[in-house]
Structures are given as C-alpha cells and as structure tokens.
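Please go over the structures that come below.
One chain, subunit A, appears in both complexes that follow, with subunit B as partner in the first and subunit C in the second.
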Partner chain A sequence: MDPGLAGQYLLNGLMLGVIYAMVAVGFTLFFGVLDVIKFSHGDVVMAGAFVGLATFIGLRDLGIVSSLALLLAVSTAALISMALLGALIARFLVLPLRTAPPLNTLLVTLMLGLALREAVRLFYPNGSNPKPFPRLLPAEAYSFGSFTLRLDSALLLATGLLAIVLVHLLINKTRLGLAIRAVAQDPETAKVMGIDFERVVMITFAIGSALAALAGITNGLYYNEINFGMGLLLGVIGFSAAVVGGLGNIYGAIIGGFLFAGLQTVGAVWFSVPAYKDVFAFAAVILLMAWKPTGLIAEKSAERV
Partner chain B sequence: MREGYKDAACVVLALAACAVFTYLFLEIEQQWEVAALAIGALAVMLVMRGRAIGTRVERSAAASPRTAVVMTMIAVLIVAAALHESHFALLMLATVALFVTVCLGLTIQFGYAGIVNFAGAAFFGIGCYTTAVLAAHTPLPHIAVIAASGLTAALIGSILILPILRTRGHYAALITIAFGILFKTFLEVNDILGGPQGLKVPGMTLFGWSFNEPVRITDNIEASFYINYVVLAVALAASAFVIAKRLERSWIGLNFDAVRLDETAASVFGIGVARWKILAFTLGNFFTGTAGAVYAMMTGFIAPNSFTFGDSLILVSIVILGGLGNAVGVIPAALLLLVLPEKLQVIQEYRFLLYAVLVILILLYRPEGLLPRRLRDYFPNRRNA
Partner chain C sequence: MYRLAALALVFFAAAAGSGIAAAKETVKIAFIGPLTGGVSANGLGGRNSAELAVRLRNADPKSPYEYELMVLDDECKPNIGVQVATKAAADRKIIAGVTHYCSAVAMGTVDVYHRFGMPVIVWGAVLPDVTYAHDYKEIHRVNGTMINQNEVAAQFMTGLKFKKWVIIHDTTDYGKGHNKYFSEDLAAHGGTVLGTFGVTADQQDFNAELTKIKELRPEVIYFGGLTPIGVRIRSQMDKLGIKAVFQGTSGIVSDAFIEGLGPLAEGVLAFREGAPAEKLPGGKFFLEQYQKQKYPDPPEAYGAFAFAAANLIIDAIEKVGPDRRKVMGELNATRDHQSIVGTVTFDDHGQNMVPLITKFVVQDGRWTVWEDSEYARGKRKLAKP
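Take a look at the complex of A and B:
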C-alpha cells in the first residue's frame, strides 16, 4: 500500500482510538468504584454532543462569531451538563440499586440509554435526522506527498490524549483520586476511614460523564455530523474496549480503545464493502472474549464462597 | 371431587374476564377507552397480587395445569372467533401469541437459568430469514421449514454459547449485545439477503391448505385469513408454555435455579453448570427461532429494521414487566406492551421512551414485576386444607 494512504488510515485509526478510549475510560472508572456497568454511557456521549450543538446555535443566534469563544462555550456547557447528568444518574439510578442483582443496574442504565436516545429523537427540533456539527477548529491542511494532516485532527488527537492523561493523574496523584481508589478497592473500609462513599461515587460518575461529553464533542468536530443514534454504537464499542482491555483498569481501557479502532480500520481496508468493518470488529471482540474471558489485563478476582 | 369443580369454575371465571378484556382491548377504537382499559388492567393486576382472589385463581389453575392450558387456548380461540372479520385484531392476536413464545424462550434463559440474552430480536430474525430463504428456494414442506428455522437459531446460538460459558455477568451481556448489533449490521450490508430492503416471504401452506386464503365457514360467514395464523401461533405458544412450565417444575428446573442463584455452590454440589446453561440457551433460542418463522410467513415481508437492539430491549421489557421467571406473567405483559402502541396512536411514536421509563420505574420500585414468580412449591399436591 502507498505509504501516504497507510498514514491516512493510521491517523484515522488513532483518531477513532482516542474517542473510543475516552468512552472506555468512563466505563472502567464506573466499574472500578461500584462494580457496575453504566450502559447509558454511549448516550451520554451523544447527549453531550447535542448540548454542545444547542449551545452553539444559541450563541450564534446571539451574534457571537469568534470560533474560539464558541468552542470554549460549547465544550464548557457540554462538559458541565453531562457531569451533572452523570452525578444524577449515580444518585438516583445506580446507588439505589446497589444491593439489587448487578443485572438490574445494567438493565436500568440500558433503558436510560434508550430513554435518552428517544428523548433527543422526539424533543430536539427535527431530532430524527443527522445534524451538521459546526467546524470550530482551524482547518488548515499540511500535505506530505499523498498524506494530508489537518490541523483540527491533530488538535483533537492532542486534546483527547491530554484529557486521558489528566484523568489518569487525577486518579493517581490527588487526594480525590486516592479516595476514588480507596472506594474501588474496598467500599466498607473506605467508609470507615471517613470517606464519603456516595459523594465519591457521584464525583466519579461526573468525571466519567464529562469525559464522555468531551468524546461527543470530539466526535462531532471530527465528523462534522451527529445523530441521535450514534450513542448506541459508541457505547457498545466503548464497553467492548473496556472489557477487552480488562474492566477496572485504566490502561486496559486505553489499549482496548485503540485495539478496537485498529480492528475497524483493518476491517475497512480488508473488505471491499466498508460497512463490514463493524461486523468484523464485533466478531473479533467475541472471539477475543472467548480467548481471554476477563480481558487482556485481567481483573484481579478472587471468589469468596 | 367437589374441590375439582370449584377449581374449574374459578379458572373459567378468571379466563372469561381475561377474554372479555382482550376482546375489548382489540376491538374498541376510542383513544380514551383504550387508555382507560390499559390502566384498569394494570391496576387490577397490582391489586390482585397477594389478595385472596388472586391466590385462589392461581391455586385452582395450578391444581390441574393441563386443564388450565386447554381452557386458555379455548378462550383465545373464542376471542379470535368473535373478532373473525377484523384483519388487524387477528394479526395483533397472532403477533402477541408469537411474542409470548419468544418471551417464554427468554424466560427459560433469563428467568430460569440466569443467562442474559440481549439479542432476542437477532435470534427472532435468524428464524425469519431462515424461513424466507428456505421457503423461497427449497421445496421443503413449510412445517419442516418452521422446525429448521428454530434449529438454525438454536445452532447459531450454540456457537455463541462458547464465549458466554467462558464469561460471566457483564462480560456475557456484552457478547449478546455485540452479537445483536453485528447481526443487524450484517443483514443491512448483505445483498444476498436483500440488504436494507429485506425479503418477501411466501405464506404458509400446510398439506396443500393455504393459510393466506380467507376461511369460509358458511356461505355468508367468512373469516379473515389471519385466523389460520392465530390458531398456529396459539398452538405454538401453548406448546412453549407447557414445555416451560414442565421444565420449571421438574428436576431440570431445580438445576436451572441452582445455576442461577449460585454458580459456585451449584458446581460444588456436582451440578454441571455448563450443561444446564447450554440446554437453557439452546432451547430458548429454538423457541425464538420457531416463532420468528411463523411471524415471517404471517407478515409476508421482513427487513433488518425489525430486528434492532431496541426490539431486543422490548422483549426484555416484557419479561421483566411480567415478572422475571414467571411464565404466566409474560402473557399479559406481551399483550399490553405490543397492542397498546398500535391501539393508542398518541403513544406509537413515544413507545420506546415510555417503555424505557416504565422498566426503570419497575426496576427501582418493584423489581419482581407485575406478577412475581412464586417460590418453588416442593409439595405441589399438598392442599391448604
């Protein structure tokens, strides 16, 4: 294959990988603190993108034209609203079901995802059609032979990686992160040590959901189009990535995200019909699960009987 | 002997009430009447629970399950006869019976053995597509096509069971979700199977008798051809019900319960966890595929859009609403969830949203569903004298 084209595929794969990794890190964070899967995560990604779009339209109609100001406003609105939504989900849907079978939490959040999806489809003006997402980043392109690097892609890639690194530092280097890790390791002991369990869980959900909102905005800025159904596939991919990497492990989520993006890219190159890339990627995930049932970096588990 | 008559009378009365309800639900057109009827039915189910009258009916039906099933079939056929001119009502009735079959399959997987399956619509779709291909391209008799569709769904399920057996809980859920999405995407991009446009399916013929022709009863009474499918679908649902109930009461059901409640403890007691999971998963998918086959022949047309992840979630909603593991509960739940959006046009557009909220509320406040599953009765023949 022509090296320029290969580079293009690689860049595209990296871009997808960063988006998937951001979603997967959310899954892994929630699973870490509460051993639950919040399946509405993909739809939070979608909702974040839509909040961003609504903010953009509102501000544009107010006469603001500076793309930097718009970009900041869009990101802030999406991140804050989704962080709030995440905390609310934790408070009213996930925490009350803590003693119920884990399947019930999965079901509740699956249904919440469906509700979010449908709410956007029904109540966002003309919500059932794909919406154009504004180009807010400088779109200069640099050509190296047949390889083109667009400035906006590079910026998005850098932002995504930075966000993941920041979350990683937050978890590993701060007092709050210590509390989160303590809750993840042993909720009972953490409570005894004076950690406010519910608050930590809500904050973790807020962080994960803000990251999801960022993934949504990144997705919108990269593809310049969003639609109400994009969350389902992104959620399943993020979940697959987190599971393939090994739930509860932040590195696993990142590896999983890039691995899934790699599989999709290989699938797209391999098959003449590009739509087969998802079929290929999911089949590969099912096979991977059969080979490594608890992910590449296995969750430490000991069963107490 | 007198007790037997009382039981029979009790079941007949309860069934008559249900039959009148079903008839009205399918027949009336006024929007507010439909809404009132649905809300009334939900209220009655909530009130009946645990009350003397509810327990009484339940005990009477349990006293002779075979009679209860036969009488239920007769009741459904009476309703179908009363509605014999209305294509739409009969189509709904047959659809409900087929979805009851599917949900009984899910009950075996989900409620009995505790294997999650979020790809119900995909297995239903496998049944539909197998029928479409076999009925159009092979001379197989249609009854064999239906069986083959069920077997294909079971076979594909038995490939999927390998990764499911190696995983647990969330990981197993992911596998079925991934499969459901994979299946729908595959159908959409695959030109041989019609792509997004779908496939036509010929109507059912059984020993030279075509199901798609109106049934002449006398010179002036002619029934809609859907009545054939109602009979077939009800027979299918009744067989599935009898199998599910028999399994539940048997030693196999006991093993399923053990596997669901505590895998580790079950294997310590020498129960082959894998074997029971395989049985439950395969049997459930067989039910689903068979129902899909009849559904495809009845509607005459299938497309990938009927087998989305959302549809799988509706199937799960029915099972949860009815009371997880309660085979009887799926019948009213399927009736309500499937017919309501068709009758109440206001909510047609909002049905996914409404059901999602409904299931969330149920899981938060009444996780056992409308008609909760009873504890296993270890002495089924004992009378509370």
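Take a look at the complex of A and C:
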C-alpha cells in the first residue's frame, strides 16, 4: 500500500478515534466516580449536536454571518447546556438511586436516553429527517499524492485531543481533580475529609456531558449531517471502548476509543463487503474482553473492601 | 302556470339531487408510506398526492361515493410495514391500498395483502421482485422497476464515454437489486466495475470505503441506495477530494437530497421511470391542483405515481362497487388506462409496463431533465477525474 493511502486511512481512523475517545472518557468518568454506567450518554452527544444546530439556525436568522462567531456560539451553547443536563441527571436520577441496586441506575439512564432521542425526533421541527449541519470551519484541503489533509479535519482532531488532555490535567493536577479522585477512591473518607460529595459528583457529570456535547459538535462538523438516532451506536461504541480500555481509567478510555476506530478501519479495508466492519470490530472487542476481563488497563483501585 | 310547474320541477330535482348527495356511502382506501425517518420527504409527498386524488373526487358531485383515506406510516422498516399492512388489510372497510415507497417494506408485505385478499397498488418501490417474485393477484404497481432504469442508466452512461465504475450499494434487497441489475447491464455495454462495496443502510462514516475507492480511481461512483446515506457519501467524497461523477438511482431523486447537500449536489445524475410530472399531459393539472391545496411539502418524485394509483383504485371502485374481489379483478384487467403518469397497462403480474425512463441531472439546485440541461448542450461538463 502506498504511504499516502496508508496515511489517509490513519487520518480517517484518528478522526473516528477522537470522537469515540471523547464519548468513552465520559463513561469512564461516571464509572470512576460513582461506579455507575450511564447509558443515556450517547443521546447526550446527539442532544448536544442538536442544541448546536438550533443555536446556529437562530443566530443565522438574526443575521450573524461570521463563521468564527457562529462556531464559538454553537460550541458554547452546546457545551453549557449539556453540562447542565449532565449535572441535572446526576442530581435527580443518579444520586437518589445511589443506595439502590446498580441495575436500577442502568435502567433509568437507558430510559432517559430513549426519552431524549424520541423528544428530538418528535419536537425538533422535522426531527425524524437527517439534518444538514453547517460547515463552519475553513475548508482548505492540502493534497500530497493520494493523501488529502483537510484543515477542518485537522482542527477537529486537534480540538478533540486538546479537550481530552485538558480533562486529564483537570483530574490529575487541580484541587477539583483531587476531590474527584478522592471521591472515586473512597467516598466515605472523602466526605469525612470535608469534600462536598454531591457537588463533586455533579461536577464530574457536567464535565463528562460537556465532553459529549463537544463530540456531538465534532461529529456534526466532520460529517455535516446529524440525525436523532446518531447517539445510539456512538453510545454503544463509546461504552465498549471504555470497557475494553478498563472502566474507570482515562488512559484506558482513550486507548479503547482509538483501538475501536482502528478495528473498524482495518475491517473496512480487509473485507470486500465493508458492512462487516462493525461485526469485525465488536467481535474483536469480545475476544479482548475474554482475554483481559478488567480491560487493557485495569483500574488501580480494583480491589474494594 | 307552466312557469310555476317548471320551477316546482327544478325545486324537486334539486331536492332529490341533494338527497342523493347526503346519502353517499363512505368508502375507505389506505395509503401506506414512510412518513417518518430518513426518506419521509418522499412518503409525505406521496401521501399528499394520494390525498389530493381523494379530495378532488370528493369534490366531484357526480361521484357516487364519499372516499376516506386512511394514512399509515411504515417508517421504511419492513417490521413496521408488516404491522401497519396487517392493520389495514384486517379492516374489511378498507377496499384497497396505495402502498409503499421502500422496496424492502413492499417485499415484506405482499404476503399480508395476499392472505387478506386486499388489492394494492405500489406507488414507489422499484425492486422487480415486488411484482415478479410471486403470483399474487392482489399486488399491482404503477411505477416501473429497477430493471428498466438500470438498463437505461448503463446505456446512457457508457454513451457518455465513461468506462470505469465503482459501485456502492446498501445491503438491503433494494441496494443489492440495484447492484445486480446495473452490474449486468454495465457489462453488456462494455463498462468496467473496479470494485463493489456493500454498506449498511444507516452507516455514518464512509471514509474508509471512500479512501479505498479513491485509490481505484473510478470515473463514476454508482450508488444504489436511498437519500440519507446518499447525502453522506456524496459529502464525504468531497471531503476526501474524490472528483468522480456521482450517479444515483431513483432512490435519491428527491428534494431532500438537494437540500441535504446544497451546492455539492450539482452534476449528480439519477434515473427514474416515468416522465416528470410537468412533461405529462395531465401533469400540469396535477401540479396546479397540488399547489392549490397548499401542502407544506412538495409532491417529490413519486407523488404523481401515488396520485395515479389512488385514481386507478377510485375508478375501479366506481365501476364495480366497493368490493375487494371485484376491485381486484377490475385492476387486473387494466389496459391502456390514461393516467397522469402516462398510459397504464398491467401485465400478468400486475406490473405496469412503462417503457419510459427519464434521466436527471442536478443543475442549480434542481433535478433537471437531462435533455433540458446545460450539461446535454455542452455548456457545463460533468466532472472528469
């Protein structure tokens, strides 16, 4: 295979990987801090994209034409609204169920995802049709032989990686991060030490959901098309990526996200019928889980007494 | 005195006339199509057109019945389609149906209509098997099949001196059918297929497939599938810098395709059976009436077929009465029926033998008939990689 082409596959895979990783990091944050699996996460991605689109349409109708201003407004609106939604989900759905069996949380968030999805389908104007998402990034493309690098893809990739790095720094280098890690390791002791448990959980959910909104906007800007059902598969893939990497570990989620994207790309290149690529990727995930049930990077505090 | 008698006569006649009008029997007809989901634009256009046929007939004082259209949504999903088809067919008050845009759904429901003995006319699905894979007398179709459109497509495209194709098709019966017939016809006309890619019907990311395709350097990318992923593929082609011509099938001839792509739709080709409504004898009438009713959505590519199908059913009911068996017999005997999509003649399988296929190219954000386009006159050129 000529290097230009290999590079192109690599770039496609990286783009997919960064979207998956952003979703997977959310799953892993929620699991890390509360040991819950929040299945509505994929639909939060979708809701974020739709909030972005609605903001764009509103501002465009007000006569704003600057791509940069629109882009900033779209991202801000999506990130803030989804962060709020995440905090609300934590406050009213997840925290009250803390003492209930974990299955209940799983079920409640699964239902919430369905409600979000159907709400967009029914209440967004013509919500059941695919919606064109605006091109707000510069569209210059640079070709080197059979390799084409688009400026917008490069920017999206950089933004996604930057966001993940920022979350990582936030968790590992700040006082807030210290509180989150303390709650993750031992909620009771953390409370004794004067950490506001509920607040930390809500903030963690807000961070994860804002990251999901960013994934949704990235998805929209990359494909220029969004639809109400896009969160479903993204959620499943994000969750698989987080589990493969080792739930509760941010590095694991990132590795899992890129691994899954890599598997899909390899699947699409190998098989004469590319429709098999998802089957291939999920089958590989099953094998990986059989080999390493705790994920590629096991959570450090795996043993709980 | 005579005058008074005449007046009284007129009065009585009017009273009798209105008496008949008030006692009109209500006859139910079903419309089934995708009203939600990715191809709902076509479904809504079809529904409005079928409803238009009913409204016009109800406004006609000469019509002996009052018609009621029962509208059902198949969501372009076979499982939902079978549910709603059963619902319609089990209701004995429904005499006949104008059914299905999606081939996979039309295929799944033929058994239902046969079991319940409900005559239907398919208004949009193009898979040949919908009419040809069985001997059910209940199933008819006003639009042509994908056999006709792919034959014309292969002949026309090779005539434009294109030689190298890549085929992308969805892995439903619909996409596979298009792949089969187009590949066969293309081979017969001397075109080469460099690669064939089956993709899932709700796939989001096509970059891996398109990167592979870019390496194959086709002149034309043939797409056998429906609007939503057609939009995604065309848009992602552009992002990867693939300059090939995008050739679709009747499945992408919709305004939603152009709306979803904007300027990127320019120069996309597609083929559909039947002439465009505005070119047909009754087409102008249809479009005028459609405008008058102020529907929020356009009739789309297959609206005229849904209108013609509803009219065929209504005509049959008026001739033999509201009885499923008799209506079915009447429909099966349809020969040289003048409709707004041209002459309708059903063969043994209830298939309309429309010989006409129209070639479309997108020019300035509109599906334009090829012969009328600036591409045909050489003013604009299709992309050559």
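Keep in mind that, in the parts below, the second predicted complex is superposed on the first by the 299 of 305 C-alpha atoms of A that agree within 3 Å, B and C clash if a C-alpha of one lies under 4 Å from a C-alpha of the other, contacts with A are read in each partner's own complex, and residues count from 1 in each chain.
FYI, a contact is a pair of C-beta atoms (placed from the backbone, for glycine too) under 8 Å apart; a residue touches a chain by one contact, two chains touch by 3 or more.
All values derive from a computational prediction rather than experimental measurement.
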{"item": "Which of subunit B and subunit C A:285 touches, first, second, both or neither", "value": "first"}
{"item": "Partner chain in contact with A:112 - subunit B first, subunit C second, else both or neither", "value": "first"}
{"item": "Partner chain in contact with A:233 - subunit B first, subunit C second, else both or neither", "value": "both"}
{"item": "Partner chain(s) touched by A:217 [first = subunit B, second = subunit C, both, neither]", "value": "neither"}
{"item": "Touching partner for A:8 - first (subunit B), second (subunit C), both, neither", "value": "second"}
{"item": "More subunit A residues in contact [subunit B versus subunit C]", "value": "B"}
{"item": "First (subunit B), second (subunit C), both or neither touched by A:206", "value": "neither"}
{"item": "Subunit B versus subunit C as contact partner of A:243, first or second or both or neither", "value": "first"}
{"item": "Touched partner set for A:268, first subunit B, second subunit C, both or neither", "value": "second"}
{"item": "Doubly contacted subunit A residues - partners subunit C and subunit B", "value": "233, 273, 275, 278"}
{"item": "Touching residues on subunit C, where the partner in the complex is subunit A", "value": "36-38, 40-41, 171, 196-200, 202-205, 207-209, 211-212, 214-215, 228, 231-232, 235-236, 239-241, 256, 259-262"}
{"item": "Contact footprint of subunit C on subunit A as seen in their complex", "value": "5, 8-9, 12-13, 15-16, 121, 128-130, 132, 141, 143, 146, 148, 150, 153, 223-225, 227, 229-230, 233, 264-265, 268-269, 272-275, 277-278"}
{"item": "List of subunit B residues in touch with subunit A within their complex", "value": "116, 118, 160, 162-163, 166-171, 173-175, 177-179, 181-182, 185-186, 188-189, 264-265, 268, 309-310, 313, 316-317, 320, 349-350, 352-353, 355-357, 359-360, 363-364, 367"}
{"item": "Sites on subunit A touched by subunit B in the complex", "value": "31, 37, 93, 96-97, 100, 102-104, 106-108, 110-112, 114-115, 117-119, 122, 232-233, 236, 239-240, 243, 247, 273, 275-276, 278-279, 282-283, 285-287, 289-290, 293-294, 303, 305"}
